[in-house]
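Consider the two complexes below, in which chain A is the common component and chain B and chain C are the respective partners.
And now, the complex of A and B:
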């Protein structure tokens, strides 16, 4: 059961980057919108250690406005970036 | 002819380049690959000849599958809908199987393709800031620049400037949407069919769909085909 749905505003958690996470530093603490739900799969934190039967979570594609990623973004205000996260990396935007 | 060898450098001709030699130690994964390959051959799982043939095949996959996919989507709206809904399944219709021969795609435990359709309002471009994730079954091996930090770091931060360096200027009223392939899904850009191609066959359309137009750093043009030869000036 997915915690978030398409259209939800979510913030990427800024937790210590221990080992392999696949969550880019530039997205930490940034807020975007869920645009697609992805199938449940083993999270990178487990798979990186060969734990293929590890913890499974839904994944989400989140769309950020570029100006929310980079405060001094010089391109057009409507420019965006999309990338994916496992559920543990997201929390409802406050 | 003297018996002088390269080793003593007594021969008279100049060397305009630095010696070509290995730098540094072999990477850990290169050692691991060699060890597993040699053990597999010793165990009889496959032969050295099988491996050589696979590598030869793998190196020549190229972007022709992607070009066929785009051309089909341009002429067949029903195919385009199937492609947008389920890329991996739709690719079989143009002869590209993401799961066979094994090894051409992402690990077969999780294989998804998302096609990013360019529109008059959205221009898509793909990158992998973590490494070099790329839709290999459709585009073959990625170009060297795609794997370099100068592209990966900058296209997420200054996408319009990076596109301009490729000669691609996106109007300010068109959204530039960057797709950072940080997980297992793979992405490819479906460019817009350019003007001047009215009435073209699917086969002819495929000739103008070059690799870079499917990464999103270029736009297809009716007067530029995959076999065109560049000239400067």
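And now, the complex of A and C:
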């Protein structure tokens, strides 16, 4: 059961990375839009440490405006970036 | 195949010169007793593969033709996963664990190879003795072939 649906505005949680992460530093605390749902899979935080049958969560593709990610972004206002998160990294945008 | 770099004092000196060149060109000197600021602690926890936003040189867009050892490395990593010894996410974590000097100082598939080697040793699937014996065996074979 997915907590978010396509079109939802979500903010990436700012949790410290401990030796490994799939959540890029430049997305922490930034807000984007869910554009696709991905099937449940074992979260990277478990797989990375040998828990191959660890906790499973839905994954989401989130689209950000490049200007929301990079303060000095010099490209077009329409430019976007998409990346993927497990559910634990996202919360509803306030 | 070249003889081992530690075989004489002059080649050992050359090796050490090369090892020193791996060190970062600029680094903060830590004082003793060792204390660091919160900002620096957070910077130290930054994961080495998370390079987005860092300055870098121009990207080489030429198509790379994989060498035999690179293909073998990829196959070995896949076979280790197939037999349940790791998954690709664990490999990536282990590449980070190599530390910045090795992470940025070794070719892409050399990182895979180092991560695989340490995994095999960590999990007791090979012993250091077995690994060194095999390396010597291959070195001798290559020297005869050369």
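Operating definition for what follows: the second predicted complex is superposed on the first by the 94 of 94 C-alpha atoms of A that agree within 3 Å, B and C clash if a C-alpha of one lies under 4 Å from a C-alpha of the other, contacts with A are read in each partner's own complex, and residues count from 1 in each chain.
The criterion applied here is as follows: a residue touches a chain if its C-beta (ideal position, glycine included) is under 8 Å from a C-beta of that chain, and two chains touch if they have at least 3 such contacts.
As the structure is a prediction and not an experimental result, all values here were calculated from the model.
**Student:** Put the two structures on top of each other at chain A: do chain B and chain C fit, or clash?
**Tutor:** Pair status: clash.
**Student:** Using the touch definition from the top, say if A:59 reaches chain B (first), chain C (second), both or neither.
**Tutor:** First partner only, chain B.
**Student:** Check the residue A:70 against both partner chains and state whether it touches chain B (first), chain C (second), both, or neither.
**Tutor:** So A:70 meets both chain B and chain C here.
**Student:** Would you sort A:26 into first (chain B), second (chain C), both or neither based on which partner it touches?
**Tutor:** both
**Student:** So in the superposed three-chain picture, is A:80 touching just chain B, just chain C, both, or none of them (first/second/both/neither)?
**Tutor:** The first partner, chain B, only.
**Student:** By the touch definition at the top of the document, which applies to A:44: first (chain B), second (chain C), both, or neither?
**Tutor:** both
**Student:** Name the chain, either chain B or chain C, that contacts more residues of chain A.
**Tutor:** The larger set of chain A residues in touch belongs to B.
**Student:** Given the touch rule stated above, what does A:18 touch, chain B (first), chain C (second), both, or neither?
**Tutor:** In the superposition, A:18 touches chain C alone.
**Student:** Going by the clash criterion at the top, which of the stretches 8-16, 26-34 or 224-232 from chain B hits chain C after superposition?
**Tutor:** For chain B, the clashing option is 26-34.
**Student:** If I apply the document's touch criterion, which positions on chain A are contacted by chain B in one structure and by chain C in the other?
**Tutor:** Touching chain B and chain C on chain A: residues 22, 24, 26, 44, 52, 70.
**Student:** Touching chain C in the complex: which residues of chain A?
**Tutor:** The contact residues of chain A facing chain C are 16-22, 24-26, 44, 47-50, 52, 70.
**Student:** For the complex, which residues does chain A have touching chain B?
**Tutor:** Listed in rising order, the residues of chain A that touch chain B are 22-24, 26, 38-39, 41, 44, 52, 59, 61, 63, 66, 69-70, 74-76, 78-86.
**Student:** Enumerate the contact residues on chain C facing chain A in the complex.
**Tutor:** 42, 45-47, 50, 52-53, 84, 86-87, 89-90, 92-93, 96-97
**Student:** Quick check: in the complex, which residue numbers of chain B touch chain A?
**Tutor:** 109-110, 112, 129-130, 156-161, 172-185
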